[in-house]
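Next up: the structures, one after another.
Below, subunit A partners subunit B and then partners subunit C, in two separate complexes.
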Partner chain A sequence: MLRSKMNAAVLALVCALGIAAMPGPARAVLTIRITESTEAALPIAIVPFGFAGGAAGARAPENIGQIVADDLARTGRFDPIAFPDLPSRPSSVADVNFGDWRILGTANLVIGRVEARGPEQYAITFRLFDVFRATQLAGFEIVATTRDLRRTAHQISDIVYETLTGERGAFDTRVAYVTEGRDANGERRYALQVADSDGANPFPVLDSVQPILSPSWSPDGARLAYVSYEAGRPQVYVQELATGRRDAVAAFPGTNGAPAFSPDGSRLALTLSKDGNHEIYVLDLAGRRLRRITDDPAIDTEPAWSPDGASIVFTSDRGGKPQIYQVPASGGEARRMTFVASDDYNARASFSPDGRRLAFVHGVGGRFRIAVLDLETSAVNVLTDTRLDESPSFAPNGTMILYATVSGGSSVLAAVSTDGRMRQQLAATEGKAREPAWSPFRSRR
Partner chain B sequence: MFPRVARLLGVAAVAVVLAACESTMGTKDGEQQPPVTESQPSGTQPGATSQGVGAGSTFRGHPLDDPASNLSKRTVYFDFDSSTIKDEDRAIVEAHAQYLANNPSAAVTLEGHADERGTREYNIALGERRANSVRQLVTLLGGSVQQVETVSYGEERPAVEGHDDASWQWNRRVEIIYRTR
Partner chain C sequence: MSARTVREKLVAGALAVVVHVGLLAILLVSLDWKAPAIDAGGEAAPIEAVVVDETRVAAEIERIREQERTVKEAERERVEKLAREAEEATQQRLDEQRRLADLQRQLAEARLQHEAELRNREQLEAERLAELKQRQEEQAAQVEQLRVRERQLEAERQAEETRLREAAEQRQREAERQRVAREERERLEAEQQRLEAEKQRAEADRARIEEERRVAEERARRADEERKVAEEEKRRAEAERQQAEAQRRQAEAEKQRVDAERAKAEAERQRAEAERERIERERRAAEEQKRIAEQERQRIEEQKRVAEEQKRKLEEERRVADEKRREAEKARQRAEDERQRKEAELALQEALAAEQRELDKARSDLRGRQLAEYVGQIKASVQRNWKRPPSSARGLKCTVLVVQLPGGEVAKVEVVESSGNRLFDRSVQEAIFRSSPLPLPRDPSLFSREIQFEFDPRD
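The block that comes next holds the complex of A and B.
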């Protein structure tokens, strides 16, 4: 346990140094700080990747070994050995002495090298070994440009993760989130950002002087739906990420909010108050036809689809306090899903990708935390212990949840493993970050 | 001392003319002063005529700017997860309803807001419910539906940026913003 905590501290330090030492313009706007370590994580040795080619004294433009180690550590299932504790730094099979690694007690070893192949062109090879059997479990060569090196590192993380756990990795994915800062005149500026799953390479896809919220990914990852106040009131837009082209798909009087793409991408569930109070509707995107799903004088909002598209969960205060309800996606009788002490506040649910769990915001005694409801057992597991947590979003493989919280007086993004064992903060170095939405997988299987 | 929030409705590139920056004078739960809010006058300067509001006042400016009148108070505060207008704030809403009834060309936007606790979209709904409850009282007391627009910002535009009760009490609010006086 002690060793594990020390490793976590060292890892955070190395991570910070790695970013400070990166050449060129600062890439990482989000720095990762581990807030909780884990005792049950599997030790793994990841060796900094070797570098070959290029001018004398040249270095690889990205520290791929570090990116892979950080990815795996973030899941809470792996405990990468800190680089200074490595007995040797092999980058090819011939240099690996399995005895060294057996003594260390790590079952698995990752080595690799980056070779410059031309201007901005690299070949990245990596190998994953079973140290005790002295066998290679996976090995690949990937060719990438400078721009794609971080993505390549995440793909390596995905291969290592899947080989060792049997579950698909979700590192080569993206996150959308909203930042708020101040411009030179002290006015609030809002941006909708899309970044890699570890927060690196943020790109603002929308800038505004008016609030932006509730980003939702289309199931193919090509579009984002969101709410923007740019017209002076909340309206729902759908934006194509590749082109930046966008449409106001819901601009009715009153509030247009809380968009959520259906699993087939053809419809949006959303909240409209055009008929007097907040109700859930489903908008057919091609024909722009609206279907009203709820009809209650209470607030109904924050719809989320079940993965099979058959039902929608939403927040309603029809029982007096915000609670989570489920309704058939075609409309009908709503069924209450959260039953806890009467004064509790349960809201903004989303389904796990396998449809077996709901993540939601659980408020009790004035503290708002991220909780998961197991739909089979009805057990509720509270995953966080901070007090202003919101916007939980599952990784596409269901192993982690991104959310927003307040730390040090500012809103930041954080990640927690779905079992609650590992929590990490992704702190924006500038402004406030919130409303994270984890993208789908980049490719279908 | 408190962040100044310029409310820009619509296009942002409009020159901001700050006028009528009155701070409401009441105190809540202690010694604190409420945040100063700035209302954004509409493009046209007031052409409205003064009415005899605020009996006994020697104030010579526009009645909406008379610090002795409830009309100079433009913010109504709420309890957590509540949209009920408190008794102590009712007179403010009544004064504005009266003014709107007497000045048919005047128009307001009621901006509903929530504190940061709870979820963002629910808070937009809550802010709208607060704005609607003010609108309901205004129209009940003589203001017409055409004079009153509502918009909710939920927790997106706090008046005070703190993460404690002392800040939250100023953020659960409806701001009465005159588009035309």
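The block that comes next holds the complex of A and C.
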């Protein structure tokens, strides 16, 4: 950086001397100000990955190029070129002709190859190029089993995203949600599912004939807290994903609901009605000690921690209609946070990972949409235009919000970029999908 | 049953054989062990120790053979016994089977007989049931007849009762009617008597009321007369009172009139006195006025004299001032002439300078216009090619230094000042590369190998 600045200074000096020799007044280097532009996603060319090895005519088990293109498109920041419009399909450096891609005006090119190394074993290589400078920006080889191929694709997306934007990608993460459907006998069944961030590879970690609600990730992504009615009434459980071991951590009389892990993972904020009214409590998981946070005759529920762990936001109808309030995590005076002009209904808040924004459900005239409150400017931005949106949660890098909405008569999962420009449904699931929660970052492999 | 018994017996026999063979083996083995023990005392080489007593051996062998024979005999006897037993058992089994067959046949016969009996009994039962049913039906018919008869009797009894009840009721009603008629008659008579008495009492009342009314009227008439007399008296008294009042008012008015006349005379006297004083005051004022007027006349006389003196002085002064003004006007005229001459000189110089400037400007304007055109073309091209990332923060700025080849191809893009946002910086560099080759100027001397671009979006 310093060197480039010095170079610029030297250049400017040389220019100035050169121009000074000419007749007329002396000038500095010719400077042009650019003020007009079109706001558009960055074009990127992602070539379908080549396949080598295995039996003749065999194909790669997953279309990695497509998964990466879909991941990047979903952010609203990249505009991958459709496969049929690609001028060529190189899979190794030797096949790349940068001239082709320059004509296309695409600055970034991703190529890759999947190579069968044995049964269920693959080596995936990929490279990201700067087309105009004809340089490689990133290149890796990753070994994976068939089962891990999709995850590898998401990891490639993360590397491309981080190289080009400077921000960590959140593609190699998971989402937890609840599905509701009917089994072969027509019995209603609920399942707690964990899927990839694009909704693929759903895996039920709990199956029940009674409702399941409000999954919440532990900050290390190893456990889920949720509400289950399996005991005939709502109780809060914590389940370890690796072992399936689960514990009923809150089974007090009345409602046990809306658990939320503290940022250090040692406590749960939750809603209990054991003292006669729905109030927010904090449960210390090691000592099982309870601390009451709110005390109001209204209903207080849906707690969510600030990323610094210092405060909790929650929904309360103490002002007549549900609104969002903030209270110190040790209890104390609650402060109202939402003052939207229409003032109808604001609930189910969750913090952005940087703690500067709050996503929540904003209801006006029977339409419930996802909105974001900027805590510095108090500006509210409504991101969706559907009717029954619920349960927003930020991606761990803060660029997107996962939520559930109603489409085609069923409840589905969707994601919206935090500027509201890009909205997309996640891969379809069987039955109705509700109450999604985006996992924290996974440790890098 | 018999088959099983035979098998068990065969197994028992086989077991016995095994036991015997086993015993024999043990015997043999023990002999084997005992033989060397006999010569165990010698320390000589093992090969020399095989010296034995032939007779003992023969006797021993004989003994063993004897034993074997005994065992074999016993075994043979046992096997024969077993075979016998087996045969007996087979015989028994056959007997048993025959017995069973007989039994089954007997059973079958008995069953057939029993079934016949059952059928017979069922028939009898059916007949009995039919008879019973018939008897029941007959009984039912009899019961029905009895019931009908009963109903008839009941109906007759009820009819009789009704008739008797009606007759009794008729009688009762008649007696009642007579009693009511009698009572009515009595009641009417009593009423009539009561009405008569009532009438007489009313008559008496009317007479009494008439008398009372008459007395009251008389009393009212008298009262009226008395009232009239009283009113007459009151009117008279009022007239007298009014008369007295009028007299009193007249006296009062007279007194007031006398008082008024006295007051008027006094006022007249006071007015005359005041008039006299006023005339005296006016006379004194007139004298004073005359004196003041004299003084004023003297003062005006003096003022007139002073004013004439001043006028004379002023005229003298004006004459001197006019003289001075005429001289000043002459001086100003001279100065104005001088200034106009100088201005004309300056204007000439200015015109000459302007002409020079005009020439310079024309020369540089062409260059300026061509440079502006060059910059405008580059700017348009880059702006057309700049795709700014969406949702990038407001106020991002990025400055790059671009080195181009003589044909306008971009050779190098270097970020001089980053926006701090990698994606924004990339979009800027891409805009430059996408605009390559950059437009060229009309005047080649205007070509700039290096151009600095400041990307500073307006919104």
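The rule is short, and it goes like this: the second predicted complex is superposed on the first by the 399 of 445 C-alpha atoms of A that agree within 3 Å, B and C clash if a C-alpha of one lies under 4 Å from a C-alpha of the other, contacts with A are read in each partner's own complex, and residues count from 1 in each chain.
Just so we're on the same page, a residue touches a chain if its C-beta (ideal position, glycine included) is under 8 Å from a C-beta of that chain, and two chains touch if they have at least 3 such contacts.
Not measured: the values here are computed from a predicted model.
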item: Which superposed partner A:Thr315 touches (first subunit B, second subunit C, both, neither); value: first
item: First (subunit B), second (subunit C), both or neither touched by A:Gly53; value: neither
item: Which of subunit B and subunit C A:Ala107 touches, first, second, both or neither; value: second
item: Partner chain in contact with A:Asn277 - subunit B first, subunit C second, else both or neither; value: first
item: Which of subunit B and subunit C A:Val406 touches, first, second, both or neither; value: first
item: Partner chain in contact with A:Gly331 - subunit B first, subunit C second, else both or neither; value: neither
item: Partner chain(s) touched by A:Gly431 [first = subunit B, second = subunit C, both, neither]; value: neither
item: Partner chain(s) touched by A:Arg421 [first = subunit B, second = subunit C, both, neither]; value: second
item: Overlapping contact positions on subunit A, where the subunit C interface meets the subunit B interface; value: none
item: Parts of subunit A lying in touch with subunit C, wherever the complex brings them together; value: 1, 4-5, 7-8, 11-12, 15, 22, 24, 29-43, 76-77, 102, 105, 107, 132, 164-166, 417-419, 421
item: Residues of subunit C touching subunit A in the complex; value: 364, 367, 375, 378-379, 382-383, 385-391, 401, 414-416, 418, 421-423, 426-427, 429-431, 433-434, 436, 445, 448, 450-458
item: Residues on subunit A engaged by subunit B in the complex (per definition of touch); value: 186-188, 209-211, 213-214, 229, 231-234, 254-255, 257-258, 271, 273, 277-278, 299, 301-302, 315, 317, 321-322, 345, 347-348, 361, 363, 366, 368, 388, 390-391, 406, 409, 435
item: Contacting residues of subunit B [partner subunit A, same complex]; value: 4, 6, 8-10, 12, 81, 116-122, 124-126, 128-129, 132, 150-154, 156-157, 163
